[in-house]
Amino acid sequence: MSLITFEESRPMDFIGLGRLCIDLNANEIHRPMEETRTFTKYVGGSPANITIAVARLGKASGFIGRVSDDQHGRFITKYLEDRGIDTSNVITDKSGTVTGLAFTEIKSPTDCSILMYRDNVADLKLEPADIREEYIKNAKAIMISGTALAASPSREAVFKAVELARKHRVVVFFDIDYRPYSWSSREETGIYCALVAEKSDVILGGREEFDLLEAPYGPLQKDDQATADRWFAHHAKIVLVKHGGDGSVAFTKDGQSFTGTTFPANVVKTFGAGDSFAGAFIYGLMNGWDISRSQQFGAASASIVVSSHSCSDAMPTAEEIQAVIDKHTSR
Amino acid sequence: MSLITFEESRPMDFIGLGRLCIDLNANEIHRPMEETRTFTKYVGGSPANITIAVARLGKASGFIGRVSDDQHGRFITKYLEDRGIDTSNVITDKSGTVTGLAFTEIKSPTDCSILMYRDNVADLKLEPADIREEYIKNAKAIMISGTALAASPSREAVFKAVELARKHRVVVFFDIDYRPYSWSSREETGIYCALVAEKSDVILGGREEFDLLEAPYGPLQKDDQATADRWFAHHAKIVLVKHGGDGSVAFTKDGQSFTGTTFPANVVKTFGAGDSFAGAFIYGLMNGWDISRSQQFGAASASIVVSSHSCSDAMPTAEEIQAVIDKHTSR
Amino acid sequence: MSLITFEESRPMDFIGLGRLCIDLNANEIHRPMEETRTFTKYVGGSPANITIAVARLGKASGFIGRVSDDQHGRFITKYLEDRGIDTSNVITDKSGTVTGLAFTEIKSPTDCSILMYRDNVADLKLEPADIREEYIKNAKAIMISGTALAASPSREAVFKAVELARKHRVVVFFDIDYRPYSWSSREETGIYCALVAEKSDVILGGREEFDLLEAPYGPLQKDDQATADRWFAHHAKIVLVKHGGDGSVAFTKDGQSFTGTTFPANVVKTFGAGDSFAGAFIYGLMNGWDISRSQQFGAASASIVVSSHSCSDAMPTAEEIQAVIDKHTSR
Amino acid sequence: MSLITFEESRPMDFIGLGRLCIDLNANEIHRPMEETRTFTKYVGGSPANITIAVARLGKASGFIGRVSDDQHGRFITKYLEDRGIDTSNVITDKSGTVTGLAFTEIKSPTDCSILMYRDNVADLKLEPADIREEYIKNAKAIMISGTALAASPSREAVFKAVELARKHRVVVFFDIDYRPYSWSSREETGIYCALVAEKSDVILGGREEFDLLEAPYGPLQKDDQATADRWFAHHAKIVLVKHGGDGSVAFTKDGQSFTGTTFPANVVKTFGAGDSFAGAFIYGLMNGWDISRSQQFGAASASIVVSSHSCSDAMPTAEEIQAVIDKHTSR
């Protein structure tokens, strides 16, 4: 029996909401970006990556967001369409915004950094009027990225989307996805993310991200079970705390917890690990798999993506993921 | 038996939070402001007025807010202290803000308007760090004004205060108090006010104000009972819908409703009617009175204030209110 | 023979450009503003006051500026019209601005201060398109207030007005009128004011104001003659350095200097001294009087205004000024 | 005899001031950028390109500007240093800015466009305090790019630099370099560029750029000679009006004009034509060459750069330019 009920009759499985960006990945790696001369362009942004992952696994997916009215915006929309993702709610922003950029620097598998361009970006211009009740109520699940809360009017659009999702029993996934760049303060981040976490069915985040949400309201406990219980007191059914290379622990409202493992990988960079995990984990839950199997599927997907130069382009199929699991698990 | 439980052991009865302003009331009335040459200065702002009203009725009161670092800010703080209101959480803002102003124009008792100065005001600089758990947990009740949600960081400070109030069973009163000036859009107003209404025990507003909160989430019903039921599904126990000169209707979670009346008055202006009503109504509830008696007390208080030139200065004592009730009710 | 040539055939004598504000003068004086409860409203702002002064002396005057679309804006426009000042180039700003305010505090004749409201003010929304070549070329002289340079688009409007004035041989008066409030930095002030000073025929300012203009370009000399010479190397004919209660020194391009005196006064407050001086001094120059007589006329006018509660309302007639001179000068 | 006198004793020949950017040039050309997947990174920005050109020709050069405190900023500084350009006045901006970007799209030699990232850029944070009198007075010439006037505080820094250059007889070159992106309005552009043009010795721009400077002050004449005369009435000695593929016309204060030609080229893209022309033209003037020879040298340099994939990297040596001239001119 499943903790979470997806409304099976809905035509759309999954909607991503929020950031649609461009990654510019250094072609010459293992050096500082100052010494890099060429870059390859990919679609990026955490909710974009997760949606691409879910669609790659065969789920009917769509996206709610805004893109810039230029070559980068058109590239993103075309890419999503080519991947079979519905873009009827991807709006071209006409206010002179640009697409967010992430230049990635890969000095070594464990020393990666990102140079972000997040000023005047189209994705944060998502506004409440862009959130259409008709679109949301046709879906089984929606994924909110915390970064979409970083500024108005996108912040208000998120609250509207979450409320409409609850109204229509659309399962709300919330990925805290903390990126300091666009926020005014850590306390602002914690306060708004907590308001969304209260209304979410499944919450994903790292230990430090959950701490952000608790910090305004008393001394930090830094206790995963206490964190999970806090959100179970609201609407959450699953709280997944990520511990980087040490895997993740999933807590469920019925009092259980599940420790996930990781798979060996030829790590090129760590970017994309979380997004590929999330996509495959959600896929498992939507298939009615138990938590452990969903976590395992997520971890295997992550092991594939961290071995690749890109994030979005590298999202694997179910067969590719299963092959990794088969290879590494004893029979 | 009371719908609402106040924690009787707390030393402070009531905390107001939000706007602390200056009213500049035209001395020469019954004419356009262009022809007015002199103005009298009063403390104003809806939560300030309500707190002054509650304090005047004898309740131990305090305030959470920011004032400008100038003569107007010092005037406000001094005025509150002179009225016996605790100002230990009224913070002097050092960032170069000013005090909000409201120049009032009284052309006739039914034709009043306000010229607002709301740019760069100190009250909207209230920030999460100003919200002290110690202060809130010592109180029985807190009053949130919707205007404090109009801009950051005051908006985040409100969410923090409400959450801490809930954590410590401090009764949350929410006065929607819609003032278009500081908001970006009506939809923004509705979305944030709804998030606070969900967490409030008692909600006060006009019909149009409640419509604002419902507009983002489906066709308007414009039905007071449906509105009340919406918030009873969250934490509300009392929803009071104000209908201007026609009085108010209070709905309670146990399914009852109470229609309030008004008292005759020599109306000078309509400003301050709502704040004086709210102050006396809250006073009644905190005394454990039933809804009807509290409404009547509120209406009698309003009849006194609308007959006066000022708002804050005119807030009556319990004896003065009772005298009005005695005069107009048959025995 | 006159240093400055006014184009006698022009129908308008004088145009003021820039700030149109409201002064709210404390009625109860000799105390801190915190203890003041009533205020009287006057038209204010340095270029407004100077223009009112010049018009009061009988010169055909007009104004280029923006007022707010509210009761304060309408009061100002009506007041100028009642004083016979042409308001055909006073534009009502429709962008939601307010009128600048100055609450005056008069603790003692020598301890006066001002509490300014300068956020989102209409006067700084003056824009280049508001500057009409036809209007300027019909005038003999124009007065620029440095405060109009404090922000865009008013700053650009000033540069356009000055350039058109030069094109049509309209005499440019420049009053540095430094008010820190609206500027980003002292260096910004100095740089823009210097660009206008270069193009001005007559420059008025205090020693510290002239220092601001020189500071970006080398060590300060604090030498009035050197200051005057600096601007004579551009277009200036007269440079008048004000030394507060010690009077003023006027330098002329032909190498002369004239030390002005002051007249005894029953000082109520020091506000308005500079504006009344400037108005009467300009009146003298426009009449073809020599520098000394113009300075004397200015000083006598100032002595009248500092003895009064208001600035704009107190601007004297030529007869009133002459009476002061007659009373205090030996025959 | 030369129209322009360079102070021969100065140790530095040439200072560029303003924009230091990154060009990201599409590697796959002759297609829309949507279909491009890889980009090559170059230093860009008009004044950077001109300075690199002048330095490549052997002149002792330096730069006044701000770069971002990140990998892109460090790349730019390093590149300039590698080219022998003094970077002691290139300041690392610590306020969280980014480097401006220009993604270039080359659909065909005649259909090129640029996608600009100009929000929150380091170069426009240049401030008056960055302008050091000591640095400027050691140079023979300075080049101002009009883009540096697009926003404060860079705008004020330019005015300070120009004034100090005039004070020390440093020859002021002004390239109007109009880029709509960062400006509020065309009238704002015209007004500020005209203020710099008034103080410049040599002004370079296209016909439409000169029109921008004249538009605020009367009906457009669209007459190159009239344009030149306008600026000769101030400080200009040479006014060069560029007519794109049709070459340029240089007007001199002594009443002459010189029509420049162009050289045949295998055009890859048109970007960089103006900057390479300007660099070589300035080099000619600084060598004391006559106008015609300087123009010819500029045109030959441009023919080399438009045949290349990059701008900054392609700037030629004097020998390379001379070879083009020799090849195409009869003997």
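Note that the chains take the letters A, B, C and D in the order they are written out, and that residue 1 is the start of every chain.
What we mean here is this: a contact is a pair of C-beta atoms (placed from the backbone, for glycine too) under 8 Å apart; a residue touches a chain by one contact, two chains touch by 3 or more.
The chain lineup, named per UniProt: A, B, C, D = 5-dehydro-2-deoxygluconokinase.
As the structure is a computational prediction, the values presented were derived from the model and not from experiment.
Pick from C-D, B-C or A-D: which interface has over half of its contact pairs in common with A-B?
C-D
Taking each chain's centre as the mean of its C-alpha atoms, which one ends up farthest from the centre of chain D?
B
Any idea how many Å lie between the Cα centroids of chain B and chain C?
So the centre of chain B lies 44 Å away from the centre of chain C.
Taking each chain's centre as the mean of its CA atoms, how far is chain C from chain D in angstrom?
Chain centres of chain C and chain D, defined by C-alpha means, are spaced 41 Å apart.
What whole-number Å value describes the gap between the mean CA coordinates of chain A and chain C?
Using C-alpha averages as centres, the distance is 60 Å.
If you look at chain C, which of its residues touch at least two other chains?
none
Hey, how would you classify the chain contact layout here, line, ring, star, complete or other?
Drawn as a graph, the chains make one closed cycle, so a ring.
Give every residue of chain B touching chain A within the complex, in rising order.
So the residues of chain B touching chain A come out as 127-129, 133, 152-153, 156, 159-160, 163-164, 167, 184-185, 187-188, 191-192, 194-195, 216-218.
In the complex, go through chain C and note every residue touching chain B.
These residues of chain C touch chain B: 24, 27, 32-34, 36-41, 70-72, 74-75, 78, 98, 101, 103, 105, 115, 117, 119-120.
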